[in-house]
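This is the structure I want to talk about, given as structure tokens.
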Amino acid sequence: MSLMTVKELEDLMRREFPQNQIILESISSRSSRVRIPVNHSHLRPGGTVSGPTMMSLADMAMYLALLGEIGPELLAVTTNLNIHFIRKPESAQDLIGVCNIFKLGKKLAVGEVKIFSEGIEEMVAHATCTYSIPKS
Amino acid sequence: MSLMTVKELEDLMRREFPQNQIILESISSRSSRVRIPVNHSHLRPGGTVSGPTMMSLADMAMYLALLGEIGPELLAVTTNLNIHFIRKPESAQDLIGVCNIFKLGKKLAVGEVKIFSEGIEEMVAHATCTYSIPKS
Amino acid sequence: MSLMTVKELEDLMRREFPQNQIILESISSRSSRVRIPVNHSHLRPGGTVSGPTMMSLADMAMYLALLGEIGPELLAVTTNLNIHFIRKPESAQDLIGVCNIFKLGKKLAVGEVKIFSEGIEEMVAHATCTYSIPKS
Amino acid sequence: MSLMTVKELEDLMRREFPQNQIILESISSRSSRVRIPVNHSHLRPGGTVSGPTMMSLADMAMYLALLGEIGPELLAVTTNLNIHFIRKPESAQDLIGVCNIFKLGKKLAVGEVKIFSEGIEEMVAHATCTYSIPKS
């Protein structure tokens, strides 16, 4: 069971990240599923979704999966993000990010985020992400 | 000598990336220097600049350094970006990105981007970035 | 179905990598499973398996999964390897590496390797790996 | 000034890593320079030095630069290593690794290692590396 619900995490995001466009779809043990509605502002030459859009999605998916476990530690910060862009995303499909936390230590959390164009089985990007957890 | 000038790269960015906020300050052999004017939209809880802002800066610095070498290959795409967030950036300072390309092959270019808060010597983030170069 | 069998890959490894200690356990579509029998030469202070032992295992797992798909392209070379060390491996257990290739393009292959201490469910390390495929 | 001298670090390596082949050439503030004498056991098909040889060199360079700063904390462990293989190393030249630590925090140290074939200016590989520092 997660420490925070989708509703609580949504409230937190609205308050703390007012410009955020990413939607939290579900949260469960050490995992999250997020969505970004893709529009023209996310596209880049070639009609593909920009890399930074996918990096933001990966980072937010991990942040939410982590807060779901440890509670509203707003000052948890990314220390490392590594992303492989694998295939060209569809320009007309939302992007979905699925995060799984591999390790949840006292100091560090490490996880992966798989990114998909909605409805298409093959991954478009794969990220691994490390967060530093503040002492509470 | 770069194949493209700062002026030519600025024109290309205005045309192809109309929402881009990053400014190209200089371009030289296998390198670039870029700036993002930090405003409240880039901040996150704790008064620090968000990770995605720095990831975008790194990715764009590498893209511009690469186009400076190979010309307007708009379809050059990032295949990998790895970023370490090292220190909390200043919330009231612009971020500066300095890119150096390590390798410029036929298929792949690999480089690093060092990110600084303007006027402060210690790096705030370090990225390595790989681009795939389309066949021309 | 793989292009090369376990037997053919073992012969290739014996011939081309005579010092190799890694055992290929199975190969299937875009995946491999490898083992390294851990002995005192792989240990480091604290009684844990050294990082380089795990990096070698990850690299070899990906190489074999790739050759299983594309045939004996000995000159396929690693261009990037990123590894997260997650938990302390058991000093008395073999390490198992399980590779899945995410992308098999003409120029590049990208995959992940999950590393386990035999018989223990939690991952000890997670690697992502990119190989450059020579033109044949 | 480093907390540990080259001599002290060499003694520590002989004692704790008896199979180690890497030579520490110098140590200074937040940096180290190491060498591995390349022999046939490090080569792989194509007459190039194997990836794991370079990964080991990077990891050891960072470990020694770190111990040079914090003293003989043998249980400092790598949490992440990311390496880009940039050019084919010379098969008949030693490899040199030059480490610079970007950040030396209480919990984590982050640095880079540039790897060269001796006498050749262009880098053959570039690694970034994170160590977790035990509480002392």
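Things to note:
To keep things simple, chains are lettered A, B, C and D as they appear, and every chain counts its residues starting from 1.
One rule holds in what follows: contacts are C-beta pairs under 8 Å (C-beta built on N, C-alpha and C of every residue); 3 or more make two chains touch, one makes a residue touch a chain.
It should be emphasised that the depicted structure is a prediction, and the values quoted were computed from it without experimental measurement.
Among the remaining chains, the Cα-based centre furthest from that of chain D is the centre of A.
Just to note, of A-B and B-D, the chains joined by more C-beta pairs in contact are A-B. Chain centres here are Cα averages; for chain B and chain C they lie 33 Å apart. We define each chain's centre as the mean of its Cα atoms; on that basis chain B and chain D are separated by 28 Å.
Put simply, the C-alpha centre of chain A and that of chain B have 22 angstrom between them. Counting partners per residue, chain B has 79-80, 82, 84, 110, 130 as the residues that reach two or more other chains. The part of chain C that touches chain D in the complex is made up of residues 16-17, 19, 41, 44-46, 48, 51-52, 55-56, 59, 74-75, 77-85, 88. Remark: chain D residues 82, 84, 86-87, 102-103, 110, 112, 123, 126, 128, 130 touch chain B in the complex. Interface residues of chain B facing chain C in the complex, by the touch rule stated above, are 79-80, 82, 107-108, 110, 130, 132.
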